[in-house]
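One chain, subunit A, appears in both complexes that follow, with subunit B as partner in the first and subunit C in the second.
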Partner chain A sequence: MNKDPESTERRLVLKRLGQAGLVLGGSGAIAALGAFSSGRWRGDRKLATIADHRVEPSPGSALAVARGTDPARLVRASLAAIGGMERFVRPGDTVLLKPNMAWDRTVEQGANTHPAIVAEVARLCLAARAKRVIVAEVPVHDAARVAERSGIRKAALEAGAEVLIPPDAGFVDTALSGATLDHWEVFAPLFLADRVINLPIVKDHALTRFTCGLKNWYGLLGGTRARLHQDIHHAIADVAGAVRPTLTVVDATRVMVRGGPTGGRLEDVRIENAVAAGTDAVALDAWGAGLLGLDPFDIPYLMLAEGRGLGSIRAGMGRIEEIRVGA
Partner chain B sequence: MGRSKSTKWPLALLLAAPLLAICTWLVVGAVNRSQGPSALIPGLPPPEADLPADRLEERVDGAAESLRKNGCKRLVAWKLISPPADLEIYVFGDIEGAKALLDREAGSHLDPAPGDEASVTAQAILFRRGVFYAKLIADPAAAADPEPLMTVAANLDQALSGASGARLLALAEPSRP
Partner chain C sequence: MSAPSPSALPLAPPEKRKGRPWYLPVVYRRIYQGFFLALFFVSLALMTDQGVRLFPVRIFFQVDPLTAVGVLASSWLLPAGLAAAVIVVALTLVFGRAFCGWICPFGTLNQIVSWSTRRLRRGPFREVNRWRPHYRFKYLLLIALLFAALAGSLQAGLFDPLSLLARSFGSGIVPALHSLLPGGYRPRLYAGAWFTGAILIALLAANRWIARWWCRAVCPLGAGLGWIARAAIYRIHVDVSACTECTLCVRDCQGADEPFEGHRVSECHVCLNCVASCPEGVIRFAPFVPAAVPSGGVSIPRRQLLGAALSGAALLPLFRASAGSASAPGPSAIRPPGSLAEPEFLARCIRCGACVNACPTSALQPALGSAGIEGLFTPILVPRRGWCEPSCTLCGQVCPTGAIRRMSAEEKGWTRGRSEVRIGTAFFDQGRCLPWGMATPCIVCQEVCPTSPKAIWLEEAESLRRDGSKVRLQRPRLDPSLCVGCGLCEAKCPVTDTAAVRVTRVGESRDASSSFILRRPS
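So, the complex of A and B:
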């Protein structure tokens, strides 16, 4: 009895298809098992956590403001008023400085932290016998060009600090445990630090009306930035709640009053000749908002940050005693 | 169960069709790219950034969301050598979007030219031409002589009013299937 050749061929094809399906299915199952056991499948990868870098609060003022024309002297005066760098940096510490160094702009354009302020803070850390001072940032514009044009790389290196920008280091998936951001890619140098000093600049901002210290932490984040701006006020509060700095020194030597955060026009930069230092990040942001004529209570992320216990808006408002430095 | 030669060829072509489609797509993309914004504005170097709306963060970070809300469809940026300056052209879906950005960045005082309306200083020229918003910022060190900046702005305005503007608009439109 001869077999029907078409029927035989069909059976052969079905058999081969079955075998191929088994091989593919088996491979898929093995891959899925591997991914599942590594945690990637379930999303329970081991996330890094950011240490709390704060020091014990002192009974003195929440912030000190110095005014004058020499940025380095303003740094020294404002820090001296809150206990000096020795209060914040211990011998042997690795200190991370986080300026705003995001933009391909010069010093006069007021988009980045003044290089003299970064350098002076680095010098004071080293004078307090810090082992290592790292200036770290994830610029928006071309990183190498920003580091040069902002003047920060040169000033920091001359002061004895290192400058780390991508691709000098990578990113670490980090738990933020916030209302909007559960975890995010954070620039790895943050995890080298025993002490963290925020060095923001006060600027107008198209989306949040102004930017200062709390928003400055965005400059340590990688990943898809568009998502960070979807629910920006909650996201800023989330990141600020995760990065608890030792100290904040606000550069208000020049204040970009329009066109932020990129700016560029000299007409939009007001010379303010001020530096504020303190440990209450919310108070310092509230003070910065005041320089732009804004009511800090109208800035949603400041309200959220205060609500999460990150500081006091009122402490940065009203009459704050200022130190006059030089002529 | 053999197939005749006449049935093999159509089958082969049918099977090869996806590969051919991908190759065609790549070639067309490469050709379009080579004719992209670098060739758009006469006398300008190739742009250092050419971003659709969903990638504006790469250039303006937090300002991206408000730009998108105002209908910004594309941002093209150049680094000029002579005069040393940064140039950005924002393409909006309508005039109102471009006006909103000019109003925000220029403040209350506007000049009648270049473009339909502008803000001109020795170091920066911001202007709107139709749905385009152009931002020309000189390096502060080179701001002492505003003439070269004015010349760039005038040429740019002319280009945006003509074929270059039409090409930019076409690039800003999302490709249709």
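So, the complex of A and C:
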């Protein structure tokens, strides 16, 4: 074997060039990955828009209240009274459920929607032959822990729904076209849904005096949503005006009367044993405000929402017939 | 084509030795190394609520004799889990530094890098891979660390290979990889991630010049095991009479222990490459063979040992005389819930970063300067990065040394309206606060306050706008008897850089001297 010094040198040069190429290429690939993931490569910034998820207004009662001790039966009874889930969910639909699942609290503490209510609504959707039921929320506390400790993840999975919390999905810059909020980051699963069902819980709140369905939409927002409290009534009306759910089912099995919306002590919670369902989001919030002894006309965001045609405060006030559901 | 005659070949291939599957020990070693490396990363990944129930995630730190001896020396206590270190001591008494060559995940990473850069280290094997006098440094470092621990300052974790690797990955490499992934809604950011990560990368890069330089020259755990290995039953033995001095055994030697007649047993990682590579088959790994050289092959001048011991012992008074150290921790040295009082905490914390790695909100961060130089890389809670989740007690569950006490969510009490466990107190910065300073409504801190009743309450007030009009709003106030210092208010405050409400260490329950109000109403 005759070793030609020149050819060895050439090989060495090629080898070194190859190594340098690998290093440069590798770092280029890392940089490109970084650029792609941060979205810098996208030039245009198009805002998404949220579809109107409402169905035609019901000819009968727009609001039904059921009382009793079994949350699942209350859901069935109140929904049956407004025409059953089949009225709202078509076969093949993807349905998004938005419970209040924001806090590191257990069921008894009444800070999150009762898991049995979430599960029962999911079952009814699937019974109406929905293709897919998604439970989505952007919790305030640590998302994974909240999903676990609220009991909602387990109950929803058992009912056949899926649970999406950050970082399972990202956020989409979305047009809200409101009086205060032009656009905001919205949790992406909302855009998968044909039908949207709001599953709030009635609680005390220091700034708005109470929280129920309309404020519950904050839980689908990203960004620094703490900023939204500076003009909270307009902000709530803006977000509620943009989402427009198919249906609202209010959990009033437990009502947090003090220390909301986080609570903690069981003394802060009153057992109310009620569930209300309906298509009029404003009426349902007015009903919830009544449970806390508040006059809904004193709540500025309800007035704003009514002014925008999102519903009627009066429809949720006064004597509403209640369905008694067994002992 | 005629076959070339045997004599024309420049070199005959080495004859296969009969009856000895020469490759086996090395293959076994690689399987063990791969297994333990994977297990180490699995144990880091399983530091979650579900994971800690599936796997003893602290196991690597608990079997580490350097951690056990260090904690014992500094706190005069041996937390139960650390007794597992006798397993590694026993292993070393039988097989020598097999932990270094077969188990240690940092050793394996070093070996992978040194193996892939082996062609860059040119020259005669005996020269390139020789033992160098500066390899004695690890013994001096070990002595200094042990004497510092005896004096009461546990610094062993800074140089412990398992702590170093866990820390570098948890708060350096993994967050760096995270930053490349698309669409995280809450990026995991760590103070000094570049620094913790760069230390690891630099140490691995050192392999390009000297194979396993960390293990040979710096690792205090390796030094301690090497000292024990001098009494090991199994040793490398060279039949000098049959050795042809081809030096092939030195080529892939991991420890630079030079398996010749004067084999340095305290440096040997028991990689068994020499046994596999000896063409004459005269190197054996066998029990009860005579020691090759006294003192394990490394002698250290007594004056150097004394110097190392003195410098180690001198660390403590110097540290404790420094303001912002254990004697008077700084305001941002907020420790995880359940932490021992500062001096006891520092006598136990090995800076392994397990708690930092486990913290679900990445509130726990390795301290760079805020816990003093003595507390470098110890965990502190940085509320701007995250908050202490009310029902979470993971940091105490993954702490291998009991620097953070194990407790249940019940004991922590934050979800039940109790505040016996407190890690600090929140204070308002009225100039930055929207209702206080800018006549703008905001109650976010009160909304998220998790205690019950809420420690943050709202004072109804009338405030003047610039145009002279009046606005009614609610101003947040703090009830120090209820605040637990969780940091949710600071984490969620809409003033996004320096928050208008900030938590400092004062009022923490672990240390009575941190009290600042005379009486906490019950």
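Keep this in mind: the second predicted complex is superposed on the first by the 283 of 327 C-alpha atoms of A that agree within 3 Å, B and C clash if a C-alpha of one lies under 4 Å from a C-alpha of the other, contacts with A are read in each partner's own complex, and residues count from 1 in each chain.
In the analysis below, a residue touches a chain if its C-beta (ideal position, glycine included) is under 8 Å from a C-beta of that chain, and two chains touch if they have at least 3 such contacts.
Source: prediction; values computed, not measured.
Subunit B and subunit C, once both complexes are superposed via subunit A, clash. Comparing subunit C and subunit B on the residues of subunit A they touch gives the larger count to C. In the superposition on chain A, contact is made by A:Glu108 with subunit B only, not with subunit C.
Judged by the touch definition given at the top, the superposed model places A:Glu148 against subunit C, while subunit B stays out of reach.
After overlaying the two complexes on the shared chain, residue contacts for A:Gly222 are found with subunit C alone; subunit B is out of touch.
In the superposed pair of complexes, A:His205 makes contact with subunit B and with subunit C alike.
Legend: residue contacts after superposition of the two complexes on their common chain; A:Pro166 is shown touching subunit C, with no touch to subunit B. Of the two partner chains placed by the overlay, subunit B and subunit C both lie in contact with A:Val140. When the two structures are aligned on the shared chain, A:Gly259 is found in touch with subunit B and with subunit C. Once the two complexes are overlaid on chain A, the subunit A residues touched by subunit B in the first and by subunit C in the second are 104, 106, 109, 140-142, 205-207, 226, 229-230, 232, 258-259, 261-262, 264-265.
The touching residues of subunit B, when paired with subunit A in their complex, are 1, 48, 54-55, 57-67, 86, 104-105, 107, 121, 123-124, 126, 135, 137, 139-141, 143. Subunit C contributes residues 48-49, 179-186, 360-361, 389-392, 415-417, 434, 440-444, 446-454, 458, 474, 488, 492-494, 496 to its touches with subunit A in the complex. Those residues of subunit A that touch subunit C in the complex are listed here as 30, 33-34, 36-39, 104-106, 109, 138, 140-142, 144-145, 148-149, 166-167, 170-171, 205-207, 222, 224, 226-227, 229-232, 258-259, 261-265, 268. On subunit A, the positions that touch subunit B within their shared complex are 5-6, 9, 102, 104, 106, 108-109, 140-142, 205-208, 211, 215, 218, 225-226, 229-230, 232, 258-262, 264-267.
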